[in-house]
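The data blocks that follow each hold one structure.
You will see two complexes here that share subunit A, one where it goes with subunit B and one where it goes with subunit C.
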Partner chain A sequence: MLTIKDLHVQFDTRHGVVDAVRGVNLHLDRGETLGIVGESGSGKSVTAFSLLRILDSGGRITGGHIDYRGIDLSQVDNASMNDIRGREISMIFQNPRAALNPIRKVGHQIEDVLRHHAQATRYDARAKAVAALEEVQIKDAASRYHAYPFELSGGMCQRVVIALALACKPQLLIADEPTTGLDVTTQKTVMDLIQALAQDRNMGVVLITHDLGLAGTYCDQLVVMKDGEIVEQGAPQKLTKNAVHDYTRRLLAATPHRGKQLHELVVDGVEKPIPPAGDILLSVNAVTKTYAGKAGPVQALQGVSFDIQRGGCLGLVGESGSGKSTLSSIIARLQDATSGDVQFNGASLFNAPASKYAKDTRRSEIQMVFQDATDSLNPRQTAAQSIAEPLRHLTTMNRLERNDRVEQLAEDVGLPLALLSRLPHQLSGGQKARVGIARALAVQPKLLILDEPTAALDVSIQALILNLLADLRHRLNLTYLFVSHDLSVVQMLCDTVVVMRLGQVEEMGPTEQVLSQPQSDYTRQLLQAMPTPLFA
Partner chain B sequence: MSAVAQHSFVSHVAYVLRQNPVTLIAFTLLAALIVCAVFGPALVPYDPLASSDTILQPPSAAHWFGTDHLGRDVFSRVIVATRLDMAISIGAVALSFVAGSILGCIAGYWGGWFDSIISRGLDMIMAFPLFVLAMGIVAALGNTVENVIYATAVINTPFYARVVRAEVNIRREAGFVQAAKLAGNSDYRIVAMHIFPNALPPMMVQVSLNMGWAVLNAAGLSFIGLGVRPPTPEWGIMVAEGANYIISGEWWLALFPGLWLMLAVFTFNLLGDGLRDMVDPRQRL
Partner chain C sequence: MTPRAKIISARILQAIPVVIGVVVITFLLTRSLPGDPAVYFAGDAADAESIQEVRQALGLDKPLPQQFFIYVADLVKGDWGNSLSTGQPVLSDLARRLPASLELTLLALFLSCLIAIPLGVLAAVKPGSWRDHLCRVVVTAGVSLPTFFTGILLIYIFYYVLDIAPSPLGRLGFLYIEPDPVTGFYLIDTALTQDWETFMGAAKQLILPACTMAIFTLAPIARMTRAAMLQALSSDFIRTARAAGLSQRKVLIGYALRNALLPVVTTLGMVFSFALGANVLVEKVFAWPGIGSYAVDALVASDYAAVQGFVLAMALLFVALNLIIDLLYAVIDPRIGFEAS
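Let's turn to the complex of A and B:
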């Protein structure tokens, strides 16, 4: 159905022409699912965008043929291309919230597409839009028709986007990282839905992802891309068993699954000894947090209690809205609890008022690595300035001492010294994550809160960062509170797990025990969503 | 490292100027205006205040823009007036920039009562016809150049405060602000050193537009007889004086100061995009 021959795409940038895609060949049959796997910057999205000719400004197809059922998509004029988009070839985007118009009801947005492609008239558009919503298994579709995007959860939004993409019964669906940013349980239902719909309609699917585990589970054919070129392709089983290229092997290793050890994520990884557990460093006692919402008070935390031992690593697991981020910001004293107590090193954290806390010694003893490395760095500060920021306010170091410490920290987290003078937007995702970790470590904290530090990173970078964290914990004798929605990551790093749901502790215990004998239904659901080993 | 940073800023400015010819033109015109403002009296062929016998002469080689009803050289007066008009507009914009930034930061960061009081106060200023408000302020405070600056600053402050309030508000919960709190910054430092600098790019667009308005406003006040008084050369006064002679055919008296005024406003309005790109770190590569 789709054949791409020797595709070349170039971008004009401030530093001259960049070859984003260099001679890509692809083939996709009807009813087949093709996975394009690679890390950011590998050209996988650019390849997909050039299919629909929606490249960013400055980008152009400089060579090759894109043959779709006998039509060369690289030559077709814009008017015919508009007919093809949505009706023949459709696309699901990475961030479902950004892909929906925030001020239009979702039902109307589906009607727009249907009527634009003359698939519906004014009279039957509404019925067809509701039918489209029903098809993506949205419960109570008739009333959801009137919902605005902000009223829906991330998973629901992605279903609406899928309904939009499939409304005109396209033959080919391009899914660009459709589940990045969704919880693992939602990720599984969304992918299952795409797979079922594709089978029903005998539709071709191109799945673009950085997650080899995901692609291996859902695709018939895999293509691994690096630096704008295809380095390896084949069926998932074949590819995982006899990967030839180094890069594919590295990707395979970096993909977490149940039972995998942390050091197995990287090639030549060494197992780190787990530091012996000491006395209790942090003790959370019946902490509650209530927000004033529009429809009455919202209980974000309803009495959460657990302990962390000195030198231990506790994994706080739950989906978005479970209260895990609220709890971690209460422990970091970024917001106040409504009731309850947090004991740190034997004294209550709440005995100093929030306004005086900036000068409290415990400000430097509890530090945090934030979820979104891009958002957590000041766009106007260089990497060195960001790392030095805590040193300036929480220590008495002079300028020279600070510079030395920043360089030492950069070495600790594996950040090349030359990158220290760069601004955040000049760094890659993994480098920004390293800057964030270096900043948190600058004042030698006792407890480090890690709020999904790898959620926004490619699996290969995630593997490196997780190993770095394990290494630092061992070398600097740190205690971790690791917040995540992903059990497969938590099981590798943490020795204790606390599963949270709707502001309450659902289950807690040693990692091994929780994984092998889950007590609650919710933990079992999380376990089911974990990817299984690809090698089996 | 600061030397490296400085060099990269200079090369970034050079890049912005090269990339956008409109910005280059705007900055060239601005440079010309600044030269006129600084060296004005030294550059012009005649004393702008000296009258002579050659009254109401049309433009010629000796008097490029002609002469006025007292025989003063219009060209010299137009050039010399640049300093006063620029001083009024820059002074007014600087004052309203500072006042608007402080008010906007307080309203945007602390919210609540501060926000309500400040926002409603600014709304009240904007509810007046701004030029009439400026007239009222100058009339009440006294007819001096300083009061023209204060009046222009007052009517421009709400625009800055609103931009800053919105920019600060959306960044209040940003990750880097939380990180700054963890790094031991006080609330004041966070607003001043972390959030406010990130609001600069949109502020620069506002500055350039406001500079144009401020020049027009100052000229407008002088035109109706407030603020600067004759015989001081000032574009608004010159247009006002020249307007009487248009009917009798002496068009150059009003036209040339008017053109110069237009050129200045035009220059400031064109500066906006270029200034924004220069202070936005994300534009750097």
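Let's turn to the complex of A and C:
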């Protein structure tokens, strides 16, 4: 159905011409699902965008053919291309909330597409739009028709995007990271939905993802891309068993799954010793937090209790809205709890209000590493300035002492000293994550709160950062509170797990025990959504 | 009441303290102006005793809080004092002149939007193209020419050289009879009575000063439209719309422009405010009997009640304007109102 031959795409940038795609060949049959796997910058999304010719300005196809059922998509004029888009070939995107027009009702957006492709008239458009919503299993579709994107959850928005893409019954669906940013359980339902719809309609699907586990579960064929080229392709089973290319092997190793050890993520990894567990460092006692919402009070936390031992690592697992971020910011004393107590090192943390805590002498003992390494760094500060920031406020070091400390910290986290003078936009994602960790370590904290520190990173970088964290924990005798929605990461790093849901502790215990004998339905659901160890 | 209606009525309620604040500030401001109004009112030949009499008559010898309550009571009764220079009640002066300024400014803004928004959209569709450069040249030229210069230039070309515009002397030529004031806007009042001859006469007088103002206000509107459109066009949802095959027109107007309108409306509000102020020069050039020239004349003549009335009227106008813009936001963007709660 679709054959791409020797596709080349170039981008004009401020620094000259960049070859984003260099000679890609692909083939897809009707009813088949093709996975394009690669990390950021590999050219996988550009390949997909050039299929529909929706490249950003400055990008153009400079060579090759895209043959779709006898039509060369790289040659047809814009008017015919507009007829093909949405009707023959559709696309769904990552970040579904942003992919929908924020100020237009979702039903109207689907109608726009239907009516543009003459699939509906003014009189039956509404009924057809509701039918399209029903097809993606949106409950109460008739009233959802009137919803705006901001009134729907992320998973619901992605269903709407899928409904929009499939409204005109296209033959080919391109899914560009369709589940990135969604909760694991939502991820599974969305992917199952796409798979079921594709089978129903005998539709070809191109799945673009950085997640090898996801691609392996849902695709018939896999293609691994790096630097604009295909380095390896084949059926998932075959590819994972007999990977030839170095990059594929590295990617396979870095993909976490059940039962994998942390050091197996990186090639030639060494197992890190786990520090011996000591007395209880942090004790959370019946903490509640209630916000005033527009429809009455919202109970973000409803009596959460757990302990962390000195030198331990506790994984706080839950989906968005489970209260795990609220709890971690209460422990970091960024906000106050409504009731309950947190004991740290034998004394209550709550004897000083959060607003005064910045000046508290204990401020440096609990530090935080934030989720988005890019957003949590001041764009106008160099890496060295960012790392030195807590030293300037919480210690009495002079400039020379601070410089020495910053260099030592950079060494600790594996950041080349030459990069210290760079601004955040001149650093890669992994380097920015290292800066964030170094900044948190600067004032020698006892407890480090890690708020999904690897969620925005490529898997190979995630593998390195996780190993770094394990190493630091041992070397500096740190205690971790690791917040994550990803059980497959937590099981490698943490020795205790707390599963949270709707502001309550659903289950807790030693990691191995929770994973092998889950007590609650919700934990079982989370475990099911974990990618299976396709590849040994 | 729907949540949205609740928020709108809450927003209207919020305007009340602002109005109270405006009244207090106008009162204090005019009390702190240099010069003693009693001296002016008493006239040139007055001695200390008669000035004191005038002061008592005006109530200026009373303590400030008491003066304030008298002032507020008079305001509510509709007594804004009398203008020294015109001899008329300030309120009736304002009622006659404010519509003249508003008619001019609103028409100017309308013309300006008619040119600036399409120009901004065209520039944003292809940044760096000749259209983009044209947009930049036009708006830079517009904002760098002072209004009195543009005004005189337009008069020279259209009145003196081409002789297609009427003489630039006020709102109506002397051949026409002023329409009965309903709204005070000549175009609307004549249209209401279907007096099309006077309508055309008023329109002819209006077009040159309105164009002068429009040229001056092009720049901020066009630039904001361009910037907001550029941002909207690079959003994810535009890519979705394009991938769904929607027409260029639908993508540009239906999706991108509607999302870009919010900052444009904000800018429009600001432009309207400064245009009302900047009107003075245009009003002077075209002998336009507007509120700007009235205020300048009053200030020069130390006409205390007129200045006070002008400041108060303008402040109330801006409160109303901000209210309208906030309500417009809620119309354009469904998310507003939910965020506020």
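Note that the second predicted complex is superposed on the first by the 534 of 536 C-alpha atoms of A that agree within 3 Å, B and C clash if a C-alpha of one lies under 4 Å from a C-alpha of the other, contacts with A are read in each partner's own complex, and residues count from 1 in each chain.
We take it that a residue touches a chain if its C-beta (ideal position, glycine included) is under 8 Å from a C-beta of that chain, and two chains touch if they have at least 3 such contacts.
Because the structure is a prediction, the values reported are computed rather than measured.
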Which superposed partner A:L52 touches (first subunit B, second subunit C, both, neither): second
Touching partner for A:N82 - first (subunit B), second (subunit C), both, neither: second
Which of subunit B and subunit C A:S329 touches, first, second, both or neither: first
Which superposed partner A:H15 touches (first subunit B, second subunit C, both, neither): first
First (subunit B), second (subunit C), both or neither touched by A:F150: second
First, second, both or neither for A:R122, with subunit B first and subunit C second: neither
Touched partner set for A:P102, first subunit B, second subunit C, both or neither: second
Those residues of subunit A which subunit B touches in one complex and subunit C touches in the other: none
Parts of subunit A lying in touch with subunit B, wherever the complex brings them together: 13-15, 329, 332, 334, 358-359, 363-364, 367-368, 370-372, 375-380, 382, 384, 386, 389-390, 392-394, 421, 423, 425-426, 436, 439-440
Residues on subunit C engaged by subunit A in the complex (per definition of touch): 3, 127, 234-237, 239-247, 250, 254-255, 258-259, 332-335, 338, 341
Touching residues on subunit A, where the partner in the complex is subunit C: 52, 54, 56-57, 82-87, 90-91, 93, 95, 98-104, 112-113, 116-117, 148, 150, 161, 164-165, 294
Subunit B residues touching subunit A - in the complex, by the definition given at the top: 1, 4-5, 15, 174-176, 178-186, 189, 194, 197-198, 281-282, 284-285
